[in-house]
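Pasting a structure below so you can have a look.
A, B and C label the chains in the order they appear, each numbered from 1.
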Amino acid sequence: MQKTFQIKTTRHSDMVDITSKLEEWIYESGVEEGILVVTSMHTTAGITVNENADPDVKTDMLRRLDEIYPWNHVKDLHAEGNTAAHLKTSTVGHAQTLIVSEGKLLLGTWQGVYFCEFDGPRDRNYQVKLIAAE
Amino acid sequence: MQKTFQIKTTRHSDMVDITSKLEEWIYESGVEEGILVVTSMHTTAGITVNENADPDVKTDMLRRLDEIYPWNHVKDLHAEGNTAAHLKTSTVGHAQTLIVSEGKLLLGTWQGVYFCEFDGPRDRNYQVKLIAAE
Amino acid sequence: MQKTFQIKTTRHSDMVDITSKLEEWIYESGVEEGILVVTSMHTTAGITVNENADPDVKTDMLRRLDEIYPWNHVKDLHAEGNTAAHLKTSTVGHAQTLIVSEGKLLLGTWQGVYFCEFDGPRDRNYQVKLIAAE
């Protein structure tokens, strides 16, 4: 089973929690056991799993990523000027593979799934594929 | 098939080779061909695949990650003070997907699978799901 | 289904687009729907998904990775001297999991799959496993 999700990001850099969107769809699918691949369809936006409780974690993460990969870099050649966003995407990953168990994502207490915008705001989309397997 | 593995880490930062644990379990499962998803259930500990021979590689990797993501950062907001560990987890990845072939993990000669502790020592766990498929 | 691909890299650091190789093989397999795991068999070379249009993106990415993980580091212990390449591999990932749909890789317009050489030139190989699933 497969689905396209659309998302409208509202900031230049952001981590948007998509866990409940994914879980609703798994529930509708009726699949109890398997794996789920979630993939950004972009080269300046990725997917990661990280803390779902204190919003300061994502603020800190986005700011530190920006320090490591500053937006402006005198040596960058790419004319669009968003090399930093490409690097952040390959660092966190354009996609993640998640375990589905008992009809839900198998996540730790503090884990959430995030769509990571690194060059927004934009209209984005991500795809999911669910492989059912005992 | 699915299993929870418990692990007690002994250092603040560490890479613990879990390859043989995973291979024992694959052997017990009787599955010859498929894929294995290994996921940390935490937001300050991840999974990576890297060198299994010279222990200096992991010492160097952990030290360099610490230089890039220093533990203390004057701008961090997160009250627990472990933002660096969250970032390291998203950098190496909270999970990895591995190929199973001929009843074993399909790894290169120098590849091992590591549970990466970034905020220990702690009692941790990771989950594995094995999808059998020719 | 599974296959070993050989690749001869020609530079010390490089991102080689392997998208068409993967798609040819998916076409030959006849599989329409599923997931594909692509894994480097090395600890100093990885796999990532990033821009397939402007070659300046990969030039910038490789140069910035080299700035973050400089080849020479006075504290490195690893005798082979390629700790930076190990770190780059764990940063981009040794492997990626991709969605296969309608007999092709499900990628965005600007996404390509890259074999990332971080300590070349060398003879390398990567493995792919295709799991068919509706």
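The rule we apply is simple: contacts are C-beta pairs under 8 Å (C-beta built on N, C-alpha and C of every residue); 3 or more make two chains touch, one makes a residue touch a chain.
Treat the numbers as computed from the prediction; the structure is a model and nothing was measured.
J.: Between subunit A and subunit B, how many degrees of rotation does a Cα superposition need? Round to steps of 5.
T.: Rotation angle, to the nearest 5: 120 degrees.
J.: Residue numbers at the subunit A-subunit C interface: does the shared fraction exceed half, giving same, or fall under half, giving different?
T.: Both copies touch with mostly different residues.
J.: Using mean CA coordinates as chain centres, what's the subunit A-subunit C distance in Å?
T.: 20
J.: Give the residues of subunit C that touch two or more other chains, as numbers and ranges in rising order.
T.: Only 35, 68, 91, 93, 97, 131, 133 qualify.
J.: Name, in rising order, each residue of subunit C that touches subunit A in their complex.
T.: Within the complex, subunit C contacts subunit A at residues 33-35, 48-51, 54, 56-57, 59-61, 63-65, 68, 91-93, 96-99, 101, 106-108, 110-111, 131, 133-134.
J.: Which residues, counting only subunit B, touch subunit A once they are in their complex?
T.: Against subunit A, the touching part of subunit B is residues 1-2, 35, 37, 39-43, 68-69, 73, 75-80, 83-84, 86-87, 89-91, 93-95, 97, 127, 129, 131-133.
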